[in-house]
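First up is the structure itself, then whatever we jot down about it.
Read from first to last, the chains carry the letters A, B and C; within each, the first residue is number 1.
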Amino acid sequence: MDPSGNFDVTSMAEGELGLSSPSVVYEEPASVWHRLARNHKISIVSIVVILLFVLGAIFAPLLTPYEYDAVSLSERLMPPSPTHLFGTDEVGRDVLTRMLYGSRMSLIIGIVPTMLSMAIGTLIGMTAGYFGGKVDTIIMRVADIVMSFPSMLLAMVVMYTLGGGTFNVFLTMAFVGWAGVARVVRSETLKLKESEYVEAARIMGVRRFRIIARHILPNCLPTIIVLFTLDIPAAILTESSLSFLGMGVQPPSASWGLMVNAGRAFLYHAPWLCFAPCLAIMVIVLAFNYLGDGLRDVLDPHLQSQ
Amino acid sequence: MLTVPLYGLLAQGCASQTTRAKRGSMVTATATDMSTMDMAHNDSVYWAQLNIFDRLFETRMIDGQATVVNSLCTDYRRSEDGLTYDFTLREGVLFSNGDPLTSSDVCYSFSRLLTEAAANTEIPLQIKGGEALMKKRADKLEGFNIKDNTHFSIVLEAPNGGFIAELSSPAMSIVNERVTRTAKNFGKEPTETIGSGPYYAAEWVPNDHFTMRYNEHYWGEEPTVKEAVRRIIPDASTQDLMFQNGEMDIISLSEIDSLIVQRSYKTERASQIVHNQQIGMTFVALNETNRFLKDVRVRKAICMAIDVNDIVHNLMCDDGMRQNGIIPTGIWGHNDKLEGPPFDPDGARALLAEAGYHDGDVSFEFALSSNGPQLLYETVSNQLSKIGVKANIKVYDKAAFMEKRLAGEVESFIGTWFMDYNDPANIMAVFFGGPERSKGRSICYPNVDIMQRVSAAKHIVDDEKRKKEYQDLERKIVIEDRAWIPLYEGTRLFCTGDRVESFTPFWAGYEDFCVKDVVLKKEARA
Amino acid sequence: MKGSKASNLLRRLLYALIAIVGVATLVFVLLRMVPGNPVATLLGEHADKETVERISSSLGLDKPLPVQFADYLLGALRGDFGQSYTLGKPVSELIGPAFVNTLWLALAAALVSWVVGIACGLAAAIHKSTIVDRLFMGFSLLGVSLPVFMVAMLLQYVFARYLHWLPVAGVTDWTGYILPAIALGWGSAGSIARLVRSSVIEVLQQDYIDTARAKGRTGTQILVLHALRNAMLPVITLMAMQFSGLLSGAFITETIFSINGIGRLAVQAIAGRDIPLLQGTTLLCTFVIVMGNLVADLLYSVCDPRVRKEA
């Protein structure tokens, strides 16, 4: 848990996901949907909400007549009106337009670096867990170093080293995020390694790479999927916090965090500047968290039995 | 969640008292703390210098014109050749620890800037033997002759018509020689940082607050503010809230958006607003080594495409005035007859076409230092895009920006220069005083002859001749060469709280001011 | 058996040390990769190139990097992190008082998060699958979904600006800690509530609870004597880890409320390119986190009978 407001899933994951038994066998996707629909209606609502945001992001140019970077000084800080539904910002740009375009950035930042850190973390975690020994020790010590660095501070230092900008935000968040994933995947791998069917495969002389690919990875997948779903909102929050401190995406690009940061100075006098992006952050983060919760219950028989 | 109302109730009683300052005390806030009170190492934050130390002269704003008046010096005489100055010190001036202030303290203060050799060396370097002292070839300042405790003379290397004005710069503050010589931590430790100003440094918790109290030995009139607390509040919006909540007595409104100021402060507290011209200049610098920007037609087109009036009226809510030259309004030598080209995007396009460029051809980096005026950049970049010029905003960390700028590699940027003393040399020579200087500002002006004349102009002793030379050079650089794109001179607004009766900001429009120029209302006095 | 316990502790200490040295190295390398000379920022607009170079060399910035690194590590061992560029004082003198401020803030925030988190989690667990459960859990998810700056700004406006109950920012007495503590503790409260709920539910399903119930203990007794006590184990671990997180992660809260703590110092160090100060604050934060994790580990092995038996 990162008290700077970022919901750090790894501590939760180790507390709750770590309890899951290693014998989760391949689920039919359809049954996951069914169980989600039956027991977690809010997850389905969340999926719809997320889809709406994605559609809004893709079709932003069709949904608004304004450009996201068109400055109009005579229309600064106009309150919401029929022409500007969410008002205009400090240089007269339409807030709704910027929010729609900003959702592109925020969704991409939620997903791309998370995928990066998932891929790196899974690879490293499985390697460490499966091979053990010195490889494991070295990898876990490096992960320790990254994890003992307060995540926000690490992100700030890396951002500072690389300089602002979207691509650097990706790199930074992958750099910060992989260690937590690696830890969880490693502990899963350790358990799976001891399981009977992996033992059996080993005795039968199946090669290590094949064991990892055919037995370990698929059984880690539910955990990885849940982690992924819960890491996305964490990434969105981290980006908004970074942008809030002026170290994230740089103008004139639009991201929700950047918009909140710019609007913060106007919160009292022109609250509409913050309102829309704040609401968007809250809704999308809630949606991903609900979805992640639902997936965890469905994919994790231990918790589901309750 | 549940605890919120509970906490609130508990605190209700004490909050209203804690948020208000005690009688005779004044609270202000600023975004970043100073690094030191030492003028030899700090030339950006002058809060301590202005209040703890005195100078030989002060610059005061009299009828809208910056004027140099006596302070520690009561009389001076300049020789015919403009090289030698004889000074008479005010009698009976004491430092805040009771030591008398003598000619020797003045000599030590000026020499120290050179022996420390960090910030503010420019003015004392003009004194004869200054360079030798700085380069450690001499152990005393040759041109400084002490006659007795209150009389001394200064000999310059070359004449400088603006020397007296320069002596009023906060850089030229007089320190206590006896204490400073033996101090371990001058400028950082309040008890070791002794001046003769109206206040002494009482407490400094870095990054938190800085407290000054009235100096009982002060020679001038006793101010109504007996204690001035300056808190470090990085966020302008937090400062805004604190002021509205009565936790601050004076707020500088320059970091708050002008439209917000217009809608809240200017309507609700109109009578409490204090205006002050920021004696300085905001300009666009275009690097003439750039393949597009070296063409004067491109520079002129850029100049014509920037709608300064729109910026001043809409972005700044008229808290500023358009400038057409280099020497800003309010400075001696300012030329109000200069005229910039009219805002004319079509003409600008035609000019670009004449230079052989079409839509999107001209493209350069528009470097923004991380703490720079982002809205202004976005506005100018957007205005230029309308004539097909791409000014691509790139944000740099402040240090990276400075390094690039000093190396002459920044392609374009918007800068603001504040004047330290009332003489055109303080801006003309800084930017156009020679190839090295111009490169260090990333302007890379190629006209060496003009730069030689700029550098030589300060030695013209006859005021009228000097003024004319500066104005000729200014016209050449701005109108003919378009090597300097002037934008505006800002107005700094302060708002005073309910406890303040009157307040006069520092003449040059700094955020820092002289606390003695604040008068508290009767009920707020000690 | 005793020997293995001691060597276990030693191994953990060694890991902690490796982590700290690793972070120190990482920070050093990262900060040296940044282009641009920090001295240029320090001296400001008026400085020329020559002065920048002279001051850089007086700060030792022209020495070869390995020498700088050795100086820095040896200094750090003695608690000497050098002089802050921007604030002009020894870093150790700056981070000491700042750490005390952060400590108070973290304690207050921890209090908020523990009280609120445990109360909400417990209530939700007792009323499992009812509207109360859903309400509290929805609320706790809101807690972890709201960016801390939103909570902070909201509190500032409501309680300071509109109601005038509390100061907007800065700490002149204890009232200054109230709003930041709530803002900072809010997020942790959410995750504590969720963990308390799931742990209590798990414990309530155990056999010994049924036994206790059969023995005629009342609901409250069962809850306090058995359920909560046994459910607290993972919660305590989480709390220990969170506390070190609170201590080292209050960047935004401290910035918004202008509390002169470690977090704000680090943010300012980054803004002002103050390498010594940034190194000092980072190492302090890391030290706190590593120690927090160590304590959490030890607490776990002390509290959990199973872990104890294994050892």
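Assume contacts are C-beta pairs under 8 Å (C-beta built on N, C-alpha and C of every residue); 3 or more make two chains touch, one makes a residue touch a chain.
Every value quoted in this text rests on a predicted model; they were computed, and no experiment measured them.
For chain pairs B-C and A-B, the one joined by more C-beta pairs in contact is B-C. Centrality by C-alpha centroid: the chain sitting nearest the overall protein C-alpha mean is C.
One inter-chain figure worth recording: subunit A and subunit C are separated by 21 Å, centre to centre, where each centre is the mean of the chain's CA atoms. We define each chain's centre as the mean of its Cα atoms; on that basis subunit B and subunit C are separated by 40 Å. Averaged C-alpha coordinates give centres for subunit A and subunit B that are 46 Å from one another.
Shared contact sites, meaning residues of subunit A that touch two or more other chains, fall at 160, 246, 264, 267-268.
Residues of subunit B in contact with at least two other chains: 241, 370, 396-397, 400. Multi-chain contact residues of subunit C, defined as those touching 2 or more other chains: 34, 157, 161, 255, 271.
Residues 1-7, 11-12, 15-16, 141-142, 144-145, 148-153, 156-158, 160-161, 233, 237, 240-241, 244-247, 260, 264, 267-268, 274, 278, 281-282, 285-286, 289-290, 293, 303, 306 of subunit A touch subunit C in their complex.
Against subunit A, the residues of subunit B that register as touching in their complex are 236-237, 240-241, 256-257, 259-260, 263-264, 310-311, 313-315, 370, 374-375, 378-379, 381-383, 393, 395-397, 400. Those residues of subunit C that touch subunit A in the complex are listed here as 15, 18-20, 22-23, 26-27, 30-31, 33-34, 109, 141-142, 144-151, 153, 157, 161, 184-185, 187-188, 190-191, 194-195, 198, 201-202, 205, 234, 237-238, 241-242, 245-246, 248-253, 255, 263, 266-267, 270-271, 278, 281-282, 285-286, 289-290, 293.
Here subunit A touches subunit B in the complex through residues 69-71, 73-74, 76-77, 90-91, 160, 163-165, 246, 250-252, 264-270, going by the rule given at the top. Here subunit B touches subunit C in the complex through residues 1-4, 7-8, 11-12, 14-16, 18-19, 32-33, 35-36, 41, 43-44, 117-122, 187-188, 205-208, 231-235, 238, 241-242, 244-245, 247, 370-371, 396-404, 406-407, 417, 436-437, 440, going by the rule given at the top.
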